[in-house]
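Below is one structure; the comments refer to it alone.
Labels for the chains are A, B, C, D and E, by order of writing; each one numbers its residues from 1.
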Amino acid sequence: MNADSILERGPLLVRDWLVSFLPEPARWLAGSLLAITAVIVAFASLFALLTLIERKVLARVQNRPGPNRVGIPLTKIRLFGLGQPLADGIKMLTKEDIVPRSADRVLHFLAPVALLAFAILTFAVIPFGRHLVPVELEAGVLYFFAAGAATELAVFMAGWASRNKYSLLAAMRALAQLISYELPLLLSVVPVVMLAGTLSTTGIVERQGGWTFGLLPQWHVFTPWGAAGFAIFFVAALAESNRSPFDLPEAESELIAGHLTEYSGFKYALFFMAEYFGMCALCGMGVTLFLGGWQAPLSFLAFIPSYIWFGAKLMTLLLAFMWVRATLPRLRIDQLTRLAWKFLVPLALVNLGVAAFWSLSADWTGAVRLTRWLIAAMLLAGPFVLLGRKLTAGLAPRIYRYAT
Amino acid sequence: MMALILIALVTLASAAAAMLLRNLIHSALLLTASWAGLAAFYLWAGAEFVAFAQVLVYVGAISMVVLFAVLLTRPPQPMPVTPPNTLGRALVALITGGAVLGVFIGAIVSSPLPATAAPAPTVSVKQLGLELAGRHAGALLIVGALLTVALLGAVVLAATDREPVGASLDDVRGRPPGTPLQKSGDAP
Amino acid sequence: MLGSGLLSGLAVTAKNLVGSFHDPARLTTVEYPEQQAKLPEAYRNFPFLVSENATDPMGTLRCVACQICEKECPPQCIYIEKSKDKKPDATGKLQLYPAIFDIDTSVCMSCQICVEVCPFEAIKMDQVFAIATTDRFDALLLKREQLAKPNAYYHTIHPTEAAEVDARLATERKAAAEKAAAAAAAKAAAPKPPAPPPAA
Amino acid sequence: MIASDISPLASRLSSGAHTRAVTDPFHGDLLEVSMGPHHPSTHGVFRMQVTLDGETIVKLKPVFGYLHRNHEKLGESTSYLGSMPYTDRLDYLNSMTNNWAYALAVEQLAGQPVPERAEYLRVILAELTRLLNHTCLAGFLLQDCGCSGTPLMYAFREREKILDLFEALSGSRMMCNFQRFGGCRTDASPEWLAAAKQLTDGYGAFLDEYERLITGNEILMARTQGVGALKPDLAISAGITGPMLRATGVDYDLRKVDGYGFYPRFEFRVPLGDHGDTYDRYMIRVLEMRESIKIIQQAFATLPAGPVMDPKAKLRGFRPKPGEAYGRIEGPRGEIGFYLVSDGTPNPYRYRVRPPSFVNLTLLEDLCLGHTVADAVIILGSIDIVLGEVDR
Amino acid sequence: MSLSSLQLCLLFSSALFCLGLMAALSRSNTILVLLGVELMLNAANVNFIAFWRYGPNPEAATGVVFVLFAIAVAAAEAAVGLALVIAIYRHQKNIRLQEATRLKG
């Protein structure tokens, strides 16, 4: 609740204290570097943890315990396998770096680096806490998507530069996927920008700050257009971060490892890291745009520092990603593009209309307020059912006959 | 000033390399780099919004479309290194380009252009939005219509009429190996 | 409606995720070297040779080097050489014994046919499966000395089967002993009757 | 381009470029991809030489034989009994049914009767094998569809229980080597029967869970419905058998047609598909599993007492009279048959296997043409092959 | 001779323009020609931004607005142009501009 509590300002105070040892002109630079380091270190360790959590979650879903042996090195302490990322890292670092003879060496090298660079760039505008935004940009949302759009280019580079046929197919798929899903992703965000009236990420979070009845949060996801937008955003984010069921570029049952087929060792690790970074960034954006950013979910819980709430929401979304991965089969490339163009994009456009209606009806009061909800929900449900029926036309569970 | 020169050099160098290279994928990627350089220039000039739009549209979308087009139009054989008349055409292009550049440089250097506005002007997103939806609303609508028409046109142009999946195995079977799936309507 | 199938799938995985923390049926693995699943009695891996007692395994092998198993073994992984001399078996009867009895476990496919065809209950299936080694050649070629294991061991790994075998052997031996005794008695009696008539 | 416009240098360079184009996959419309023999989803060492237009398959050449072990010739140089463990290794998921088919052939050859209890046991084990195989198939197919292992792991969880039963009965999980000419090797103990009954009774619940997980899944339906559709007449003329044939709507199940074993004593239905596509092939197997459960439950209810081995059956020195015999049963993948010619010696004169996966695989190209690479993988998965049987 | 920032920007843009022009004139690959045209459009955008930045009336933001429109138009041009390239490729199996002489397929 208290925006200036010591916990809330904690990271800033630490930064100021550290910087205070430096002469005045260097302070600004040192402060920025410190922020960058903090973000990278935090997300690198989150990445290490996530690789373990993902394997654990997948294993638990599949009735296995998952990695649980590597603990503290040279002791018998296992710590639920927390040492696994370290062991994996050492393995990756010590593996031979193989570049195919016919590969395009420069691009082959540049691809993982570029991917990681772009993935890290996207963290710049995400508000991790009340006072924790690395860069406060007026057009932050636009910046985020601009930086994120370049990641698939790196995937293409990797696929093309490997000069492996599977990688080439993966490169084509990556391009098709990006072109298809950039649009619904952006369109799902437009209503938020429209209703928040700002492109700044902090502004959007602050707009979700109020309490209904002094208790319930006013996050965007709790409005009809917000819920629909969040669903579209979630699906498109899955596709943008190449996660199952949209992991076509690296579809292991068809393309071996797709664009990663010819990567080994540290470059492979960089890819892996960049992929998780991208996923974290997209989830962070989803939290910011729809789930109230760093706002507490209930008004009396606001004493907990904002960055903890952000982290909790981020983790929840990431777990949802893993849950989806553990359950769903992969789409085919034509189905993937059809889903984007024939379902998500029209639905996002309808959602835009609903958001417009919502903003026009903002001054309705009393019982009419309820009808506003109903109308918005109906406006969304109708197209959803119709488009869904169109999309799954001809597909249905079948009744089977038996020989007599 | 130094930043500007650096940005300009990087942009120009990658653009020049893109135009000279024979490998189309390299060209496209280098051109993407040069577009990113232009975005850096816009950032330097204080046009934040334009810079992000440039990255989003050029690096994020147009480069993809270009790469896609390059991959979809792989020639049956690698293009010959020097197609006929290339030297002549290159010479003509060089002369024309050089002349135009010369004229431009002469004009720019000789005209007394004042460099006012030492502090970079800023234009807020809100102001930009108001401009777009206010004074330039008509143009905005026209651009919207143009984009829609362009999208439809592109789809119509590029649409393939592939054989329906699993249609006639005999057609596929009967073809000599190596011939592509091609509709009869496409025969020259 | 679109999505109902996806949601029901998600519900199943969520149930399994939660179930894995409290329901043993949803966390079915064991952690191998520390915990081991109990092997069923019928489990078979590679053959071993049964000897009557542990103190002198080579001397009390049931195997009489009849070479039936060598002939019947489908992948032909058994190699036997008969002894030149004979030794008394458990019943005291003089029998040949295997001078060499090798089983190449890198070839053996654990089919148990040698056990089924052996008329002397001399070869049985072992349950030791962790026989990995760093030596590709000799370590997997098991010699007579490595193969011989006492009957008591057989009882620990296949108790029911071993009890049946022992009972069967006991009856056979008893019958053999009775037969031998009868024969001996007959033999003892036989020379007697026609006592050479005293010279008249 | 006309050759005469090219300068000598350029022509040299371009001819060099031309020779490169022959081997260079990065030019031209078609892409030749060799999927396998080392590929995550070719189910062993199978290879598909695929020619792609974009992602669409215009040509597919199946290449196999990487796992050839000379099975049939080996069968002629080993005794009749000695071939039994080798049949385990044909289709190494379904050793029980392979054993039965082989035993059936030899029993026909030698005129060997089989005790009633052994016949019941064979039915139970064959249906358990069918459960095992179809469960595995469902798991593998969904793995090929791109599920991250979850359905496969659930399938393996249940398969493991069946394998435990097999291990407790025969001593080995997969290489059962259980049937003998004239019965079964050992009898099932009451505890085993109780455990098997418990498993069968609980299997329906597992199938329900599995179907909730995936059968109604829109993505699965989109991936499989209408993919790799097979016409009944083509299937019949190609000799397709098993669930793949029944998915096209042809009512042909050896359990009904031949009525071997004691199958006529049990009540069960044969599910038939109408489209013959991948979804039908998957669903037919799920429905067959439900029928198998019924068969096993009936068999448990009426299991007679008695010996499981004909006392007159010979183990050593088995020499059938000269003659020939063909024994076939409805294996989980289709008709598995063994053809034997005896010349009166301990070894068969001719030993021939009719492997269902091999015959079913012959239509792979017809099923895949016009579909994408991703479809080829699941079509292959739905044909349900085991390379041990295909290559022999 | 010292150049003002504006002049530098303009030199930059004219160099870019001429690069695009030369590419469009000399290359026979349709895609590269299109990219050359894109470069020329970009050079124009640089000019707009430069004059907005150093012009007498930066508050008006007209330059920025114009660039935004130009980017949109360029996107449309790229989409249609590349679709044309693909259509040409489908007819003549290559994308050499000299050979694309027929209007009818």
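The definition used in the following text is that a contact is a pair of C-beta atoms (placed from the backbone, for glycine too) under 8 Å apart; a residue touches a chain by one contact, two chains touch by 3 or more.
As the structure is a computational prediction, the values presented were derived from the model and not from experiment.
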Response to the item:
Chain-touch separation of chain B and chain E, in steps, is 1
Worksheet item: Which chain's C-alpha centroid is most distant from that of chain E?
Response: C
Discussion item. Contact counts by the stated rule: is the higher one at A-B or C-D?
Written reply: C-D
Response to the item:
Note, CA centroid farthest from chain B's centroid sits on chain C
Item to complete: Give, as an integer number of Å, the spacing between the C-alpha centres of chain D and chain C.
Response: 33
Discussion item. Using mean CA coordinates as chain centres, what's the gap between chain A and chain C in Å?
Written reply: 60
Practice prompt. Compute the distance, rounded to whole Å, between the mean C-alpha positions of chain A and chain E.
Written response: 34
Worksheet item: Whole-Å distance, chain B centre to chain D centre, using C-alpha means?
Response: 54
Practice prompt. Any chance you could list the residues of chain D touching two or more other chains?
Written response: 26, 150, 154, 157, 213-221, 226
Discussion item. Counting only residues that touch at least two other chains, what does the list for chain C look like?
Written reply: 2-3, 6, 9, 12-13, 16, 28
Worksheet item: When you check chain A against every other chain, which residues touch at least two of them?
Response: 61-64, 168, 172, 326-328, 392
Practice prompt. Under the touch definition given earlier, write down the residues of chain E that touch chain B in their complex.
Written response: 1, 3-12, 14-29, 31-32, 34-36, 38-39, 42, 45-46, 49-50, 52-56, 58-59, 61-62, 64-65, 67-69, 71-80, 82-87, 89-91, 93-96, 98, 105
Discussion item. Using the touch definition from the top, list the residues of chain A that touch chain D in their complex.
Written reply: 58, 61-64, 163, 165-166, 168-169, 172, 244-245, 247, 251-256, 325-335, 392, 394-398, 400-403
Worksheet item: Can you list the chain C residues touching chain D in their complex?
Response: 2-6, 8-9, 11-13, 16, 28, 40-44, 68, 72-74, 109-113, 116-117, 125
Worksheet item: Contact residues on chain B for chain A in the complex?
Response: 25-26, 29, 32, 48-49, 52-53, 55-56, 59-61, 63-65, 67-68, 71, 124-125
Discussion item. For the complex, give me every residue of chain C touching chain A.
Written reply: 1-3, 6, 9-10, 12-14, 16-17, 20-21, 26-29, 31
